[in-house]
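A quick write-up on the structure given underneath.
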Amino acid sequence: MKRWGRKHLLGLEGMSAEEINFILDEAVSFREISERPLKKVPTLRGKSVVMLFFEPSTRTRASFELAAKRLSADTVSIASSSSSVVKGETLLDTARNLEAMKVDIIVMRHSMPGAPHMLARHLRAAVINAGDGAHEHPTQGLLDLLTIRDHFGSFDGLCVGIVGDIAHSRVARSNILGLTSLGAEVIVCGPPTLIPRDIDRMGVQVTTHLDELLPRVDALNILRIQLERQGRSLFPSLREYSRIWGVNNAVLDKADKKLLIMHPGPVNRGVELAPEVADGEHSVILDQVTNGVAVRMALLYHLSGVAEMERADEAAA
Amino acid sequence: MKRWGRKHLLGLEGMSAEEINFILDEAVSFREISERPLKKVPTLRGKSVVMLFFEPSTRTRASFELAAKRLSADTVSIASSSSSVVKGETLLDTARNLEAMKVDIIVMRHSMPGAPHMLARHLRAAVINAGDGAHEHPTQGLLDLLTIRDHFGSFDGLCVGIVGDIAHSRVARSNILGLTSLGAEVIVCGPPTLIPRDIDRMGVQVTTHLDELLPRVDALNILRIQLERQGRSLFPSLREYSRIWGVNNAVLDKADKKLLIMHPGPVNRGVELAPEVADGEHSVILDQVTNGVAVRMALLYHLSGVAEMERADEAAA
Amino acid sequence: MKRWGRKHLLGLEGMSAEEINFILDEAVSFREISERPLKKVPTLRGKSVVMLFFEPSTRTRASFELAAKRLSADTVSIASSSSSVVKGETLLDTARNLEAMKVDIIVMRHSMPGAPHMLARHLRAAVINAGDGAHEHPTQGLLDLLTIRDHFGSFDGLCVGIVGDIAHSRVARSNILGLTSLGAEVIVCGPPTLIPRDIDRMGVQVTTHLDELLPRVDALNILRIQLERQGRSLFPSLREYSRIWGVNNAVLDKADKKLLIMHPGPVNRGVELAPEVADGEHSVILDQVTNGVAVRMALLYHLSGVAEMERADEAAA
């Protein structure tokens, strides 16, 4: 595979192992740019990238902005509230307006599942899903996959445990879709109320006990408990959650080997993850962040049309 | 006319046809930049543009930012609340501070009519009015004029209808001032409570019936009903408004010809404008948006002092 | 002194006269860049600067952004609320995340005294304190010092009066630390309730009467009364404050000579400072703002590692 044929990045659903590995390979070569003393290349000079965030975000937006700026793209950031009911038509009008300003890529976060897909059906500009409700968060999925591949070399025979609120997590969904496409085994683990009934249709196994999970996995992806959302209703209490599903060193002793520790951030220290584990030697939480910039640079490059142009130039030469 | 003599862009009031056509001509040549694969020129490299927005804005700010960035200017965006009563002196101090930071252009939106004029009297930096209360929105006016000129070639014998809340609309005011300066005829139309009594002093005709308006005009500029402001008090109800002054295909059948359909956005679909018309073949709503970036690029160039410098260089050579 | 050895700028506490004068000298040479028609140099191209502001700020953030952009650095701005109680660990996690994105400099404002010091202990990225609670605001201190040095040439035999809410002012603290390090005399003046009891340990003299202060000083640094904080409780009323500690022309007549008038902005006109004085011929308030950009450019340069690299290149050549 020498090129990436997709026009948008809406989700990892339906993405082949070849496609995923292609973009991870590209991310590795872009990652090197951020390690240089001068972290800047002219690749996307003259391209316009808009961050259209209908939900608050600090890290993901900063990561996309840095990725775009290190590629010399122009960026404009728009933060809107989705608290007022936003009709689909209005959202589309907003996006069409940005397109009429000759924007090349719209990076979008929205509380409504499928919102970026709707835009993609109507726009010529490329759309990147930066999180759509509880549906998908494909760049997070890709950066998690890259972090796992960095460590284990391949996904053959690998088993990844995902721990926490599976039902409401777009991170969990994108990870499951990517990992199963790449041939890894996935086991989800969490309170019964936070695991969708038909999750096995996604090709994963289910357990509600960390004790059962730990001996079977190579890596743990521990989800953030969204204190502001379900904290009070879907499980008895935070203390209870932490006691049963929180990951600390004592819990990890039940594994046969040292597990790779991942978390999409920000960590609720002492709730889903003990500080000793978050900062421990098997934690790759900050590597995930570093890989996030790299994955986003690779995607911005391949969705901007510049890769295409460069190929055409080479073919003509 | 080979140069644009104004130091600021405060409004279309008092602007000659020659001046307006000069800046529209310039906008046409800048528009081409946004059509290129690489939308960037070094024209304003080393110039600093500040967006000083005391009212929320997504589209206008994004349009100005993209315009500035495509010209390689540095931009800083400041969003302030004007809900707390802001004294004139404090506003002036804020602007003087920005000037002391050696900012070249201040793009300003404020709820107080005349706020940018006050700044312009005291600053050496150039001031662009991006909307001052219900007074003027000159860059919107210019982009509307460019869109009309694109379509009809000239303003001779042209008649433009402006429909909606004339009384509270800075878009209406800037359009009226520009169109009458260019020799076009203007008819305003809307609920009697939303048309200022002495509007005829601006050289426009008035009607409160779409039936009367439609046979006489070539283009319709349909204003946004500001749901958040007058919705409840100044006319019976939205449904009532929509039934009487809303523009849909059935209404347009009363015109003798196909009318050019304009709207400053964002459209309240189904209120002042039916989706079938907004998305219809005579709608130029998205062309307006495209022209907005072009008009703003032309203005930033001519107000930055760079045009002046380039002329001096040419003269010396 | 040919180089600046510090990795962070956390405060003026403990900074030698030589160090301060070095950075002021550097600021003078960077100041020239902002006076050019094209205010841009490629010095920090490929460096990433994050503005991490947990308290609202317009001027300081704009000044840092312009400084960074005129040096061609990439900037990302993050505004967070510190109203929700932010644990130290969470703050550190945020900063570690930014560092994992390969950010070179974090410019940080936080309501918690010592917050930037905590980050600096744990990060490899450089940290600039843009205000930490009532503790320090070192770039404001440096720009004040530069403005004084511009005017008087040196600090020998100089006496500076600082008037206002000494107890809650990070500006006062940084000024006192810098001025005493440079050998100037400092007298603080304000309501007894707003002067810390042990302030004399910082090497300053104290008076509660402007009449006593004025004959002894060469320059006045008049602090902003934070209406939103102490206005009601720590002194009788604003009118009372203004009558006793407000500086106007009548008050200044009590000085033997013309005093240099400084204020960190924004001025509450008619409260702590009369408009006639703020805009008078001895006011250098806007020079302070201009110097702010210059001081910040010098600091960004020396904390970015670029100065170091350039020296190594020279040594190798």
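Going in written order, the chains are labelled A, B and C, and every chain counts its residues from 1.
One rule holds for everything that comes next: contacts are C-beta pairs under 8 Å (C-beta built on N, C-alpha and C of every residue); 3 or more make two chains touch, one makes a residue touch a chain.
Note that the structure is predicted; figures quoted are calculated from it, not measured.
**Q** If more than half of the interface residue numbers appear on both sides, call it same; otherwise different. Which is it for chain B and chain C?
**A** Shared-number fraction below one half, so different.
**Q** Tell me the angle, as a multiple of 5 degrees, of the rotation that maps chain A onto chain C over the C-alpha atoms.
**A** 120
**Q** Mind checking the centre-to-centre distance between chain B and chain C? Centres are C-alpha means, answer in whole Å.
**A** 40
**Q** Residue numbers in chain C touching 2 or more other chains?
**A** Residues of chain C touching two or more partner chains: there are none.
**Q** Can you list the residues on chain B that touch chain C in the complex?
**A** 45-48, 50, 74, 76, 78, 80, 87, 89-90, 93-94, 96-103, 305, 309
**Q** Provide the residue numbers of chain C that touch chain B in the complex, in ascending order.
**A** Within the complex, chain C touches chain B at residues 34-40, 58-59, 62-63, 65-66, 69-70, 265-267, 269, 275, 286-287, 289-290, 292-293.
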